[in-house]
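Presented below is the structure to which this report refers.
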Amino acid sequence: MEELKQKVYEANMLLPKYQLVTFTWGNVSEIDRKTGYFVIKPSGVEYDKLKPEDMVVMDLEGNKIEGEYNPSSDTPTHLEIYRGLPKVTGIVHTHSPWGTSWAQAGRGIPCYGTTHADYMYGEIPCVRNLTKEEIDEAYEKNTGVLIVDYFKEKEYMAMPAVLCKNHGVFTWGKDAHEAVHNAVVLEEVAKMAAQTEMINPDVKPAPQELQDKHYYRKHGPNAYYGQK
Amino acid sequence: MEELKQKVYEANMLLPKYQLVTFTWGNVSEIDRKTGYFVIKPSGVEYDKLKPEDMVVMDLEGNKIEGEYNPSSDTPTHLEIYRGLPKVTGIVHTHSPWGTSWAQAGRGIPCYGTTHADYMYGEIPCVRNLTKEEIDEAYEKNTGVLIVDYFKEKEYMAMPAVLCKNHGVFTWGKDAHEAVHNAVVLEEVAKMAAQTEMINPDVKPAPQELQDKHYYRKHGPNAYYGQK
Amino acid sequence: MEELKQKVYEANMLLPKYQLVTFTWGNVSEIDRKTGYFVIKPSGVEYDKLKPEDMVVMDLEGNKIEGEYNPSSDTPTHLEIYRGLPKVTGIVHTHSPWGTSWAQAGRGIPCYGTTHADYMYGEIPCVRNLTKEEIDEAYEKNTGVLIVDYFKEKEYMAMPAVLCKNHGVFTWGKDAHEAVHNAVVLEEVAKMAAQTEMINPDVKPAPQELQDKHYYRKHGPNAYYGQK
Amino acid sequence: MEELKQKVYEANMLLPKYQLVTFTWGNVSEIDRKTGYFVIKPSGVEYDKLKPEDMVVMDLEGNKIEGEYNPSSDTPTHLEIYRGLPKVTGIVHTHSPWGTSWAQAGRGIPCYGTTHADYMYGEIPCVRNLTKEEIDEAYEKNTGVLIVDYFKEKEYMAMPAVLCKNHGVFTWGKDAHEAVHNAVVLEEVAKMAAQTEMINPDVKPAPQELQDKHYYRKHGPNAYYGQK
């Protein structure tokens, strides 16, 4: 657990490094699938005061196993995603500016090019608002339920990102570090997609064969990018 | 007073840190409600030459109590706000770029998402231009009078920010530091709102129940965000 | 002259500091009105290799008085401005991104707010393209002639900036440092004006009485901003 | 070869310095025209871990001559350009945000001003998508073939840049360093062109005589910019 706390601490500290957060507007977690415990940032603690030992250890029933602080207020969302999407091992939540602007606009991000296709297969979806009943009953939990409902029958490791309407961004991956990596990709792709539409309001998504080529040169059995 | 001067100095120095000011285009003050004295930045002094002892102490009649320099030329605006809005203890004025762009556009900033709703309840208002008579009579004072008139019957601690048409931004809080925090929030929210409209020109504000949820999970008796 | 070379060197080094230039795309000069000599950056020398002794001394006939290097290729423009606008003592040329975008768009920058009015009185003009004949005859000189023709009967110290269509920006002031200051103001104002029109395409300039108030609280016999 | 590896390493390290790349999204190569060997960045290695000895040496048949790592996955594109455009000695590929936004928009970048004309003569072209057959057969190689087909009968050293639709940017030059310089110019010009159209949707390219003047004052027998 000390090792995981260190890892999650380091992944959290990448959020300000990549300028994905202002103040405390973001959090990272990672789960140990053997024990079912996950480690998450404490709520409302500033990044420049954060220490590895401040990380909070939770179980999948929502019980705090270890930690001085309250866990992130978004903890029930992380928990639902870990329960419903079993291949997910790390999760990031941010209000990164361009991603959040798309979420506020209520639009998914079309795949306009290979930067996007290299990491995420197809349009990055924007899930609907929760109803008043869902908010009142259990806002953070139901945010996770909504995300899981959308993704559970899909190849969610090939689309490791979602926009929550009028709210912000969740990304995931095979560990906390990859989830942060995907959060950086999403912000860059969100910025370029908005600029693309500004330059050409009638633009169409990239051809499917180009999207396929880039995604599969980095993922799956025929990947040849990098040193693998 | 020395302690307050130090606090106000530090709060002023956060403005360049958060890239809210160019040159000397901003100022921060905080009031000691017991004595009725407030401390404010001197006028036109560059941030990288500013020292705690340069801060100017004023009373609520506009008399300089202590200080070598002239106080900020916006001092009469701060003074009117302290007189008219008794819960305000710290005030910030900036020309931060996105906030000022909305002010120049003459539009309030709609609440498009939870980043906004977490800190400010509803649309951030843009108050009207002063008339020629109000400008000629007492420009800076009447800017404060206009702000107080707009807010005095409202829950102004739940909307700690205002745009002054064709001018810039004022924010406030329970101390100078919180007022700066709100100035950072406003700039981030202003940027994302403009980008949101660029991505979806027909966008509507966030649902009221979502705004309520986020505002009240951070404020008031039922707040549960953070470590309180 | 050594002192002036040092001053002009320091003013040149502010251009990269304020992110107004990429590579060598800018230059600053200052004139000693007693001798009629002016000091200017050498042509095409990178900022991080620039030294005070590299500055070039010129007279108003275009003769090099001192210096190892060729002077900036824009030297004839500076020279014409010094000859035609006798109150100008420092000049800056940049391709700063937002100012240049307005110049490329062929539009003057309307005065949308007090940030602009604090330093520059009215719309920042965009002068026309030179004709083919003017370009072929003496491009850089005729750029200066065009600027002087536009400004010589006007209060050019109250509008110390001009856009050259499809080209870039010139600013001036009572010394090189003030000219750089005005170049920073222009870039900030240009950015905010574009954002203002993006937020409200039907926006109008700031009311004249507000422009007057801000300009004259900083300039002229009734100024009261700062420590003067 | 050790010298060339050092040079190519240094040119690669300029990409993050000039903020042209996120993660590993870019690569630089340079060819030694005497031996026909070229040096290129290894695939998928992070910039902050890159060392000169990691560079990969290739011949123009696509054989690895030296190096521990796999070469950049874009190596076949570089190779085709070196074969087809014999004056090219250095090549850069990036996904720099503004250049990529134009590529995603499927539009060439019009020459709106002298910043562009100083380095690149005319509109920066955007080449078409590859067909499904071209992608399936040899994606990276055919990207190079397409670029060579477009440029081989043209003055390609006067237009050392191309956008690949829905993908990204390639630039070149007389060595790796100049190719990087052109990549920086392209990104700055791409940003300003988009902002220019935002400020004036009906804008036209700069007059031909102004483009000619700026290009030829820096290039060719009558150049007079700089210290040459």
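Letters A, B, C and D name the chains as they come in the text, with residue numbers starting at 1 for each one.
In this text, a contact is a pair of C-beta atoms (placed from the backbone, for glycine too) under 8 Å apart; a residue touches a chain by one contact, two chains touch by 3 or more.
Predicted model, so just to flag it, every value in this text is computed and none were measured.
*Asks:* Shared touching chains for chain A and chain C?
*Replies:* B, D
*Asks:* Any chains in contact with both chain C and chain D?
*Replies:* none
*Asks:* Farthest chain from chain A, comparing Cα centres?
*Replies:* Farthest from chain A by mean C-alpha position: C.
*Asks:* Please state whether the interface between chain A and chain B is built from the same residues or different ones, using more than half shared residue numbers as the mark of same.
*Replies:* Comparing the two copies, chain A and chain B contact each other through largely different residue numbers, since under half are shared.
*Asks:* Give the rotation angle, in degrees and rounded to the nearest 5, that superposes the C-alpha atoms of chain A onto those of its identical copy chain D.
*Replies:* Fitting chain A to chain D on C-alpha positions yields an angle of 90 degrees.
*Asks:* At what distance in angstrom does the C-alpha mean of chain C lie from that of chain B?
*Replies:* 33
*Asks:* Nearest whole angstrom, what separates the Cα centre of chain B from the Cα centre of chain D?
*Replies:* Using C-alpha averages as centres, the distance is 46 Å.
*Asks:* Where in chain C do residues touch at least two different other chains?
*Replies:* In chain C, the residues touching two or more other chains are 197-198.
*Asks:* Return all touching chain pairs.
*Replies:* A-B, A-D, B-C, C-D
*Asks:* Any idea which chain A residues touch chain D in the complex?
*Replies:* 112-115, 181, 184-185, 188, 191-193, 195-200, 203, 206-207, 209-210, 213, 217, 224-227
*Asks:* In the complex of these two chains, what residues of chain A are touching chain B?
*Replies:* 22-23, 25, 42-45, 69-70, 73, 95, 97-98, 100-107, 129-130, 132, 135-136, 139, 166-168, 194, 197-198
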